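The next block holds one structure in the form of structure tokens; read it before the comments.
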């Protein structure tokens, strides 16, 4: 699990790297979160030498990693996936084989796109509750008992009502994932008006200097602001 | 729990109705789901005769009602609410006192607005997964293990992938609630771009003849359609 | 041309009003800008006494009125319209007969909806030009030479670039017309995602305290704002 | 005026190309419409040999070219621009010097973005008029007399009402320009909710197979469609 595409490429391609030793009968699994293009580049290098490749990014952050509760989004060589299942069963609570290389990265984009739109829907609801005379803490309690109850609303809601946006997932990264998901939709002629409106709200938040805060800071875009002119 | 505003008004105001007997020392609780205006009209009639009034619409449908798992959204006379708590504790798993008459109805609008935007986000995600080469059933499984897992995605997702929209909550009612929530935002100068985009998608679905199906049929608006000209 | 619906109704219905003298063989033309419901109410009153009625709101403000350049949007009794043409030809440069009573008001809503979305498109373009290193005055000049050149861009652009929003048409009235046009679309199952996004921008502007300025002040919603928390 | 970026690059960089002869005291003007990156690449090649470079894409299509009515959007070397003015005055009705290389391409994106949003606003208005009982031809006439009258509405409106979308500017190219303009906004943290909603409508049109028709075919996305399931 390396930090970024440059590191993932370097470990494979640089001197004394994976590529020098890889050959038929050997496999390489990269659990970093990278873009589909980087994954495909690594895949080509490995397979051109006769090796097997699997991308296996994970869903879940620090706490799930410590407790073996990650979700593993594997894609690429199916035989290698099957050989790795015993290890994946220890690292995570569940692993998926999603098909060809790049599909792990795509799955993360789709999930994060839904999450970004949900955060906007949630922010609009909290704002509307507050401004129309309801107690937004009551809204949190009512939501938590119904059909749309989810860990994100429960986890982030109370902090948002205190204007606390310490970054678990920085807003600028969430906005980047929305942009990439919209680009994936563009390639495939999929109109996504709600994701597009959400993306503009995240861009608005970036223009307000909130890019390094948690993505829940999109809530700030809905508050009453005085114009500057 | 009467069927609609007309019934709720008739039981109070018509001959042999509640109003003929209400007086100081008596209270009236209406658990129907009506608009804030109807609730306020009943409230005025009851209190003008010296009675106490509480609106107490519920969140949850048939199964929660049978098993005493409703959520009760009460508003109006606080003393009457407190006197009713023992009964509410049998009818529901949780009751809330939300302040002045009308706030119960407003809370339902806010919750349904968030739900409507989430259904659109979910539909866009399922469509993007499918059209970019992922298996949308895998998406359902991945979502159900993460931070945005919720009963609605889990309950409606599999049916949506089979184009099954038998109505639990008809789309035309969901769209009406989006419209009323947006109107509430308009009164209070709250911009809600994601709810507005979602509302237009529900209107698109209505224009396709899907108003009587479940509100999850908004999924159909994203599918590849041939134009008719 | 009376100032508002209340005045328009009063002149017809109050003591010594039009209704006391109207009868078969007489007609009444109201050139006020009122909502369709008010127009229909006046129509019913007049026609129930055997009179003819024509609504004839105008498009154009002070200067066109002074120079006889108004556009007249008439609807209701066609024979009365035809009899009035010689007068309309003096008051305005062009008159339209649009069918049944209420259609004059609807036509104004449709035109104002398009105008409101165009103002948002224009504001976004000016902002993008400025923030990506172009001179927005150059954009005004280029626009004025091309296929989308129009009097509104030419007239309002230079003032907007000086943050001058002295009200020709107040933003709160523009937003009210967007809301009514969207409601008309709702009644007729017409999805209008661009008008909906524009309406939310006008609501954002209202929340910033810009409701009494010219509707071009929606431009302010796109500027870099610091959040207040 | 070459057909695409590949041709523009080839003429400069290939064997027997411009680069072999360019030197101090000589200048090169490219009037092709290319992306800012291509323009910058050509600029670097030319200036590294001591030459001067000017990009000068034009606004306007066949008829303005034949009649010398083009608008010239020049950027790059200012002295070269000034030397070329006599030629530009014959080719076009007006030329602009927009600053550094790339600004000509950016200006075209901004103009086309505004145009795309206006086309959506216009389409929504025509649809609303038709479905709420007005004659959309009357709307065209009313629009043409007012503050938002423009050549595009006048030129394309009548054809749109006949479902005639013979391509002057193909929808897929318009959508590409919307995407690039939104990307430019993303780089500069400019939220553009109306352009984003418009872009999704163009994507919807592409998903309906309308990419090769005129961009006014986005009108079709608003019509009543039957769902296919």
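Per-chain numbering from 1; labels A, B, C and D assigned in written order.
Keep in mind that, in the parts below, contacts are C-beta pairs under 8 Å (C-beta built on N, C-alpha and C of every residue); 3 or more make two chains touch, one makes a residue touch a chain.
Bear in mind that the values here come from a model prediction, so they are computed numbers and not experimental data.
**Student:** What is the chain whose Cα centroid lies farthest from the Cα centroid of chain C?
**Tutor:** For chain C, the chain whose C-alpha mean is farthest off is A.
**Student:** Centroid of chain A to centroid of chain C, CA atoms only: how many Å?
**Tutor:** 46
**Student:** Using mean C-alpha positions as chain centres, tell me how far chain A is from chain D in Å, no decimals.
**Tutor:** The computed centroid separation for chain A versus chain D comes out at 35 Å.
**Student:** Where the CA atoms of chain C average out and where those of chain D average out, how many Å apart are those spots?
**Tutor:** Each chain reduced to its C-alpha mean, chain C and chain D end up 30 Å apart.
**Student:** On chain D, where are the residues touching two or more other chains?
**Tutor:** 185, 189-193, 196-197, 200-201, 207, 224
**Student:** Between the chains shown, work out who touches whom and classify the graph as line, ring, star, complete or other.
**Tutor:** complete
**Student:** Would you mind writing out the residues of chain C in touch with chain B in their complex?
**Tutor:** Residues in contact with chain B: 179, 185-186, 189-193, 196-197, 199-201, 203-204, 206-207.
**Student:** In the complex, go through chain B and note every residue touching chain A.
**Tutor:** Answer in residue numbers: 59-60, 71, 73, 93-94, 96, 98-100, 103, 106-107, 110-111, 113-115, 117-118, 120-122, 124-125, 127-129, 131-135, 138-139, 141-143, 145-152, 155, 181, 184-185, 187-198, 200-201, 222, 224.
**Student:** Give the list of chain B residues in touch with chain D in this complex.
**Tutor:** Within the complex, chain B contacts chain D at residues 163, 193, 197, 207-210, 220, 223-229.
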